[in-house]
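The first chain written gets the first letter, and so on, giving A, B, C and D; residue counts start at 1 in each chain.
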């Protein structure tokens, strides 16, 4: 059987690296080209050093008519790429940037919001997907079952901590080892840009717009997002947990844990674990994902699998790092 | 002038180590004895290795009639120590455990709650102090000005992350490097024992008992507490910030930062930094302390300074680690 | 086609966890039983939390007549296990402990030293393998080509740093997060037990016994070994590098990097990267492996693949963590 | 008594920050000006955030005729600063760069090599000091007693690992948190620039030039240098250890530990700990320092104390971080 030919634009960044690491072992995929305007001709393994010995491919500026195109460009650059390249209309597009999450129509394509557990069927029928943000993924997976069942009756309180890779590869003061090691801080409290896509989803599934108070935090680790979410809740604990289990029953990646969870349980996997407790009239939900996998490249491949009619977890049974 | 003679009980633990590190350079103090039931005769520097070359003292079981006694025993063990030792009534006692924070009278002594910025004058007159918990210190310093001015009108939402030393020296699974490195988790959400002393203080200063929702988190670092606190607030930003600055105007250790703060700005110091923002009808307060210093041993020495009529910051001008 | 049935003894430890993580996705393997004397009946995912959602298996004390048995017991406990269990003579055994590395005959079995790149053919024909130590693997892969060509003419100088998982799961003072974070130390200098298996190999391939000075170091990370090795060398750089490339030409996992290497390039993979420089009459060799994979469980599966006539890298194309 | 007025040039960098942190509490010093060409007028605490609440000083471009001038400029920039500023001939100069370590005469000043334990008396009489490099300090303190007694008879083998602050504040790929966390690598093996000053000292004290093989390593921590040094040695262990103890008997900062040492025992202090073992005909020496303190700013202040006739450890009794 011929393999699906995948191209990756913006090939030197973190999410592109993760795509390559996963796709290189995906049984149905052949990577046809990895694009980079800055590094044409350079070996992939020169930039993504862990791929040394895995591939001899080099960065190119040729698109090569792929079956699927992953856009791993800076936020706001996807439109520009689409405008400046000839993309076959049969080529499926998965955008890992934020260009089409809120405004989903562009050049005769409609970009489905690629939160697989929510839009499973629409994604399967679509040719274009806007891959969700990392925080947005971790938070939405935590609250969608509540929203869907119209169970949010008050403000939603969210604190979520992310690893350093969430900020991408650009050199910054807050990305320095000497600064970030053993450090902790808050950034963009109540104003993080992912709130927009979360609010859009919440309204779409519930017709309501509860206030979501979201305090993002910078953690002292490279990978992962841990969210702590609570809101007032009068329903019985058993009923809610059961509802969550049902909601995610067919998902190969989202699991409800009866035990408290810790971040490393999902690192280097496409999984999302959710744990639920009840205290003082509040439901308290914690969720964990790997920001670069379920929060970016893994979910993009999960979307691709759905779009091509493959098993949802093809190529995504990844060995966890655990430590 | 003769120096104040200080004894430390429970000398092998983390908070005792910090006390020794600070007192050893305190200009008015002579450490008279460091007690340990398990290590009598062992050199202090065998246990607290960084003190090698600083002191030749050894652990003892003799109290030696000190002027001030620091109790660094496990929570619940201070009463037992007091019962089993002869302590001169003129000897001042500072308990770093939680024995007297809620129940403040024992054996003809009344233990003043040793949050220096709140109980400054009472501490100065007292002979016995219950040193606050680390989370409790960081959270109370963040909200007391609001409470004092009766400005809390709704639930208070608190997430706070602590370093590994907060859990003490005992070997545990969650204290293992292989587990904790690059990890993150929540523990005792809504039920942490420090809520009791926080609630007691809030009621004492405001006569009110707002619900405080507190989610403690385990961070991937050894030292420090970062709190993120918000509650509904209708007062103007300028007025509130001014009020905080006034409240802490005479404190040598608590400062209101106009810039956002990050944890390492206070590590290895007795300082508490507070930053305040306003979003969506909420006041958002972040505070940082070193859990072992302002959250334990540094504050204990600050209490001692007050009790002996010394300058509040004597011996506490510590070089920050910064990195 | 029926799958190979694998059993794992000592199932709660780190190396057993890694075996399960890899074997669970190995296309030719079915895990038949995971043994643990301490946890019979407990879900695997209770101990290895990252496997939650991946398997419903539970620890057992039944061996279930497997085709291959991995022994992940404490060093010195493999003999005891063999003595106390009935193991079919057709069952292949791979011992991850150190019981048979030096003394290779026991109960009518001869345990081949399972350094795949050295003993490829013998392993393929054997029914029993002694899996090498982690330091021993990283160091031997660095020097065997020199030894084989009789090019070691003087002392060999080795410093090698290991992650915390190398010390296993037992609670220890040096394994505590509060101790190990941002720390660094040397242990067992010149006397580490892995020197014996290294010396044995060096003599076996070269008939010589150069002095190997080995200083093991404890690093501030959980996974990986980085070795820095040098010895006097009069051969030309090009010739040596060419020789190394030839020696490892058929290995899917060992690669000679022209660029300097850093530890994370191999983490969560079965690879070993080697980099060679020449300075002041010395050849300087650096090597990196993941101590739990190429240094333990990955190599064990590589051995299994060889023993069963599978492609050497079956099930071992693992996604690197990279960050 | 009037205080000594100290100026700091290059005030925004790491070593300048450490100087300020220490000098701000030094009983004999008044910081008269902190220079920065890039940040004139900016508050010190804007750049060195941990100094918020400690000082209201601002960066300036005025030298203000100080009694002592610390040069914390990039390597090679000290001459330029001296050329372009009017420096009173009575002003003492301490250069933390490498401009005068090898070539010690410039503009009628002779810069004494400021390794306090070696050149104690010359420093006390000098007006200008070239502060040693960090690696050079840690390595020289480990071998000078051997050199002085002509006991080095063969190559000296050195591996030494440094924290990230050793690379300064400039943004680099290898300084990124996402790269460096849990990583390890070697750089400039056998060619590090500090070898020159080490070789110069060794020749100066012994008249010999043994080959020193030095492999520098990048560690996964922010502060500290750990060195592991060995060379052939036929002298008895007791004699050597006794000799080291005598050599450092009058030093307030260098101590010989009978117990093995780990890096954090000296972090945030001006100490150097040395541990010595004997194996297989080799003497094995490990040393630890804080690269920014004993390896830079602390030693600079130690030099200043000597130059002004103060107690050597004035202002340098720093609280260790320990964790």
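One rule holds in what follows: a residue touches a chain if its C-beta (ideal position, glycine included) is under 8 Å from a C-beta of that chain, and two chains touch if they have at least 3 such contacts.
The structure presented is a predicted model; accordingly, all values stated were derived computationally and were not measured.
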Interchain contact steps from chain A to chain D (minimum; 1 if touching): 1
Chain whose mean Cα position lies farthest from chain C: B
Where chain A and chain B are represented by their mean Cα positions, the distance between them in whole Å: 40
Averaged-CA centre spacing for the pair chain D and chain B, given as whole angstrom: 34
Separation of mean Cα positions, chain C and chain B [Å, integer]: 46
Junction residues of chain C, two or more chains touched: 14, 163-165, 178-179, 181-182, 221-223, 261-262, 264, 267, 323
Pairwise touch network: line, ring, star, complete, or other: complete
Touching residues on chain B, where the partner in the complex is chain D: 14, 17-18, 21-22, 24-25, 46, 48-53, 163-165, 181-182, 222-223, 253, 255, 257, 259, 261-262, 264-269, 271, 273, 292, 317-323
Residue ranges of chain B in contact with chain C within the complex: 14, 164-165, 169, 171-173, 175-182, 221-222
For the chain D and chain C complex, residues of the former touching the latter: 157, 159, 161, 163, 178-179, 181-187, 189-191, 211, 213, 215, 217-224, 226, 228, 230, 260-264, 267, 277, 279-280, 282, 284, 286, 323
